[in-house]
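Quick one: the structure is below, questions incoming.
Should a chain be cited, it is by its letter among A, B, C, D and E, assigned in written order, with residues numbered from 1 in that chain.
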Amino acid sequence: MNIYLLQIANGIGIGMLYFLLAVGLSIVFGLLRFVNFSHGAFFLLGAYLCFQLGQMGLNFWWSLLVAPFVVALFAWVVERFVLRHIYALPHHFHILFTVGLALVLQEAVISYWGPLGNNVSPPDVLQGVVMAGGFVYPKYRLFVIAFTAVMALLLWWILEGTRLGSIVRAGSESTEMVSLLGLNINRIFSLVFALGAFTAGLAGALAAPIRGVEPFMGVEALGIAFVVVVIGGLGSFSGALVGGILVGIVQSVMSTVWSEGAHLMIYIAMAAVMLLRPNGLLGRAS
Amino acid sequence: MKHIVHFRFTLLAALVALLLPLCVSSGTLATEVLIYALAALGCNLLLGYTGLMSFGQGIFFGVGSYATGLALLHLKAPLLLSLLIAMLIGALVALLVGWFSIRQRGTYFVMLTLAFAQMFYFLAYTMKDVTGGDNGLLDIPRPSLSFFGQTLLPTSTSWQYYTFVAVLFVLVFWLLQRVVDSVLGRTLLAVRDNEARASAVGYDITLLKLAAFVISGAVTGLAGGLHAMMTGVAPLSNIEYHTSESILIMTVIGGTGNLFASVLGASFYVLVGNWLSSLWPRWLMLLGFLLIGVSLYMHKGLFGLAQSLLRKLQPGKNQSAAAAIKENH
Amino acid sequence: MSTATPILRALNVTKRYGKFTAVNGITLDILPGTVHSVIGPNGAGKTTLFHTLTGTTPITEGSILVEGEEVSHLPGYKRVKKGLARSFQVTSLFPNLSVRENLRLAAQGRHPAQALNPWRRPELLRRACDIAEQLLVRLSLQAVAERLSAELSHGQQRRLEVGMAMAGEPKVIFLDEPTSGMGIDDIGDMKRLIHSLRDSYTVVLIEHNMDIVMDISDQITVMQQGQILAQGKPAEIRSDERVRRAYLGSMITGGKAANAGKEST
Amino acid sequence: MILKLEDIHGYYGKSHILQGISLQVAQGEVVTLLGRNGAGKTTTLKSIVGVVAPTQGKVLFQGDNVAGLPPHKIAARGVCLVPEHRGIFKLLTVEENLTMAARKESAWGLEDVYKIFPRLKERRKNGGGQLSGGEQQMLAIARALMTHPKVLMLDEPVEGLAPVIVDEIVAQIKLIKATGMSIILVEQNLEVCTQLADRHYIVEQGRIAYSGSNQEFLADDGVKDRYLGVNLAA
Amino acid sequence: QSDAISFGCPVPMSGPFAANGKYADMGMKLALQKYGKVLGKNLSYTTLDTEGKPATAVRKMQETMEKGTRFFAGGILSGEALAMGKEAEKGGSIFITTAGADEITGSDCNRATFRWSVPTFGAIEQTVRPLLEKLPNAKRWYTITPQYVFGDGLLSAAKAIFKEKGIEHVGNSYHSLAEKEFSGYLTNAMAAKPDVLLLLNFGSQSSDTLRQAVSFGMKNNCTILMAWASGLEQFETLGADICDGVYFGAQYWHAIDSPFNKEFVKLVNDNLKIDPNYSLAGSYICTKIMLDAIIKANSTDPKAVIAAMEGMKYEGLTGTEEIRKGDHQVIKNYYLLKGKAKSKMANKNDYADIISSGKSFLALDKTLCKM
């Protein structure tokens, strides 16, 4: 098979994970109007919890379920009791707060699990590779693609098809109007912040068998998530999907074309998108 | 007597430069404080005076250290000339980054500067013939301050170099204070407060923001150059995202909208960071808690805290001091 | 119609937001030394017309001439130099700067190149400072000159808003509902102030207060749905049946509402 | 009295906008607030629902003081404001705009509001951003009904609308009035007011400067002159 | 405490290389404890958190030198080690490191700087060559290389062997130091159908590459060699399953059969209840070298100590080691390990067997070092 086709296929695989990683950042921005710099730390936490639960003898599927919920719970508590009090402040305080939170989480992970990384092995059924013609692909990665696709549909349904989703989208336009309709927007804020953390935690748990766990994976994840949402459009669900897949493909194809520049290309792509379409590919004017 | 008002913050800055050697036993640590104070000044000019939150200050810092390093290594340039080159390159790069970034506002502006920071990092990494790549530029000499072969001020020991940096620092502080008190500085405040109105009364806000960017780039470039001379290296980590982040954090911790606040912020960040890192390997956690604390409880930064403390100490007299400080906003 | 040459001409000015046409082919002559009022129901496009004339938003079609010179392609800040200045319907000040500084900055905006001077202290630009001082007196804001403009009462802010437009020493001054939100006593002062502006500037005024409009206008343009419905002297407008129906009639006022009410009793 | 305001004061930052508003609305009554631009009508409505928290005074709703509660709690009790800008969510379809606000206990279901506003039913799948101004206003009122209001507050419901649409909306408000809903109406259009209202209040500089029944108000040209800037004498 | 001899341990304690710093710190501490007093003076040390940043490293080193410290062992990353070597010379100190950059004892060498770790040339010679002997049919090799001087050093050494042995180098993927996602490079590699996949990156990047290569099933159809592994830490992060059957090049392994290493492992076992890894061992031996040289010189004057170190021959962790005078490079063994299956591990750290070892160094005139 053509190497570029292989790379595109692989890029979609990477991109789906990027999507899951970025979508939470995007949703949170859409409603709360600030960039959550601790999103990467939630990813990190999800990965480590998945690892920890595995160590404690829980099987992978349970870990995959439990880890994100714990992360979401944590995020909910932070939002409910601390973060809420600084919404009214200028933008840089939100950044300061979430940067601080990210540092605390990362260092807490190091203190508890140590600075060395660890391996998380995929569940037995997903060990090994699938071969089709010249195409070799790890089963686990295929599972990740399928799983994130299902998650994407689920999230899409939550955001587009349910009353909660309507309220979230409404809140991203005007929080005041939502509360005028008798809905407690603060609860929605907490919920959305927790949902964002949930997706990040889930992405972390999913990524753990691919990447292993390592205390600095959060920082890297945050960088990628930024790029994805900026390319796709801040606050846009479909933007995160398109952005994620695009970044995955660029990265993958570039590793054949100009391998040492693969990382640089992502940022060049991001700057280009920002200059040509200031609100991202699918973003709406702020 | 009336003129002292114009100089009061410069005098305070000079006081810091004088007192630092008494509080800090290491010349290089003290020098680093002043160097980062310069970088924070540049950042504050954008954040506090123009309302632009730049996540790309590390670009100018890094570019400044490369420029100085290259000038000293390849051109064998004298001390001041190589710093001048750092400022020029810093300003030039700021012009470029600013030109593209200021079309965006708010979060998008932040993200765009962040993207540029990453791009310049990878650019520096990729252009290893110029920048030394991951190894950075090594063996950067530190010439003495000389004039036609006459050595005015040697810089070989760390305290000698501190003296040079301190003089430069006070000078730059004074110049910048002059700038923010000037027509330009005061007009920038208008841009920060209300762009639409500033435009409606006749100002070209693009040009004004660019001017702020260029000045900020020059000052930050200078800081980068001084840092390269101090350490003898211009490493890749100077242009990293982390440098941008640290500079921004110092500025916010100090408090925005007053230049002296940045001096406080940088001193605090560098000294406390240095102290914490010697206490506990997980000192970044403490730093994280510190940032959370600042965002929750210290909205005016250290400077605001100092102001309110002063006011409490001397309720009567400091009314005027507070008013004087306010006038500066 | 007067024979004097207009200081400002709008020819076929059109502004569209997407598919929606907010201002539709307005042609207007503003004569020097007059008060020219623009009235019309909410959403008629008055503010949008101001936006296009002063360059706050780019124009879609048409041309704008100031003393015969085409300015429609100039960005807003450059039109200040041509002698246009405006106040905003929604108060738009520099909230964290003092009142004096607000006015000084507005006055200095007439010479924006000076703003790039990173050395000179603004106090040395005597002209802008003088204008600011004079305006403080004229707007009776001396007492609050050192206060931040955000701390002013609403009426004071509205006055300052007008002052910001005056500070640029324009030829034509655009005032967008200067009395909106003012108390009854303030309104009287404002009316006198606007009236006095005619001596030194040409005034274009948007106002819903018919008391003021009818008293001080030399010329009135009535807009409806982006177009000009009628134009003329106050007396003509007042008696214009279409205007009564479109604006005066349905707006809070007069015959029709009263009659309708009477009919229903 | 379903709603009673006692000496309400309200600020935006430091500017003292409401300087002691007192008024009351009886069950099933339609009351208007009149006054010049900037008199404080909108602010009064906002202080009732808590968007602008009153610094002083009481807002008695069904006998309970709700002043100081967050807006969503007041709204949930049955005080619904349809703001000047209508607040239609552009990212949501017409039907989503309605269903997101729906409360189970509301007497108004989707079909009920479609009956009053048949145009909305035709456009149920349209995005909120694609509606004309009149349709947006209808949607805003319809959505308010879905929240099970006991007092409906309409801020300039016919502002900027073509006369025919105004007629349509007035007719629809009459239908709603006929169900026994208490309504506070802020409106510049006197004809609309006098057609709908039982009583009028005139707000001036943050105070109630006049109150009277519809008949009294209609008969009194002097009031209109004095407070509304209408120069009927001229 | 003016009579104490003070040491500095400049290593990353925070940031991505914090793990190395943590163990290096333990290594120096242990060495100083072991010696107790030298020349009748107490021994003290300070840990300097370099944060992995050269500028911070230099700054803290300057600060420590101002306080009188002259002996430094540390520097994990190439950049920080190079910068600190320069600073050590400027400040009249001694700096000994285990970092990878060849320039330390090559083009950027100086009198004050020593290096214990084997340069890239030796690492390739002692891994690629023995592997070729074991697998004479492995004719197609693919390389994955981080794009910077260190990676290039490994790559050119490998290419030289390929050329000599008539090996087909079927492809190379450069990647940046920030890369974490290697599936694209591995797709390239698989498309080239190599017999051997040679990983020339290090640290967490090499772990990621190996982990992902294994998940792509590459262990089944080719041999994987990681030329510059970081030893026990890396086995611990990867786990036995991934390492099984993979070849690793290593500077140090706790099962090395040398008298001094046995002694050392016992010391560590007793004191810290762990098996020593590379960071710990490296830091220990570097500190020990300086201490021995101080004793030999009977002086704490750095100049005298340097002179004592030059040409010093001693029983080290890898057997008899010697400090080459011309470039200050320690001449020592480099090891080729092969990971073994979990079922075959004798204890929890018995991840690999030593396949071969040996000393390969460029001749002095080829190192570009001019002192």
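Criterion: a residue touches a chain if its C-beta (ideal position, glycine included) is under 8 Å from a C-beta of that chain, and two chains touch if they have at least 3 such contacts.
In UniProt terms the chains read A, B = Branched-chain amino acid ABC transporter permease; C, D = ABC transporter ATP-binding protein.
The structure presented is a predicted model; accordingly, all values stated were derived computationally and were not measured.
S.K.: What is the graph distance from chain A to chain B, where chains are linked when they touch?
M.R.: Minimal hop count between chain A and chain B: 1.
S.K.: Greatest Cα-centroid separation from chain A: which chain?
M.R.: C
S.K.: Measuring centre to centre with C-alpha atoms, which chain is farthest from chain B?
M.R.: With centres defined by C-alpha atoms, farthest from chain B sits D.
S.K.: Averaging over Cα atoms per chain, report the distance between chain B and chain C in Å.
M.R.: Using C-alpha averages as centres, the distance is 43 Å.
S.K.: Could you state the distance in Å from the CA-based centre of chain B to that of chain D?
M.R.: Inter-chain centre distance comes to 53 Å.
S.K.: Once you find the CA centre of chain A and the CA centre of chain E, what distance in Å lies between them?
M.R.: That pair's centroid distance is 36 Å.
S.K.: Give the residues of chain A touching no fewer than two other chains, as numbers and ranges.
M.R.: Correct list: 107, 110, 260-261, 263-264.
S.K.: What residues in chain D touch two or more of the other chains?
M.R.: Touching at least two other chains: none.
S.K.: Taking all chains into account, which pairs touch?
M.R.: Touching chain pairs, listed by label, come out as A-B, A-D, A-E, B-C, B-E, C-D.
S.K.: Which chain A residues qualify as touching chain D in the complex?
M.R.: Residues in contact with chain D: 163, 166-167, 169-170, 172-174, 176-185.
S.K.: In the complex of these two chains, what residues of chain E are touching chain B?
M.R.: For chain E paired with chain B, touching residues are 13-14, 18, 21-22, 46-47, 49, 51-56, 58-60, 62-63, 66-67, 78-79, 82-83, 86-87, 90, 101, 103, 108, 147-150, 176-178.
S.K.: Could you list, by residue number, the parts of chain B that touch chain C in their complex?
M.R.: 178-179, 181-187, 189-190, 193-194, 196-205, 207-208, 211, 215, 327, 329
S.K.: Can you name the residues of chain D that touch chain C in the complex?
M.R.: Checking each residue of chain D against chain C gives 12-17, 34, 36-38, 133, 156, 159-160, 162-163, 188-191, 194-195, 204-205, 215, 217-219, 221, 224, 228-232, 234.
S.K.: If we count contacts the way the header does, which residues on chain B are in touch with chain E in the complex?
M.R.: Residue list for chain B touching chain E: 25-29, 32, 122, 125-126, 128, 133-136, 138-139, 158, 227, 230-233, 235-238, 242, 274, 277-278, 281-284.
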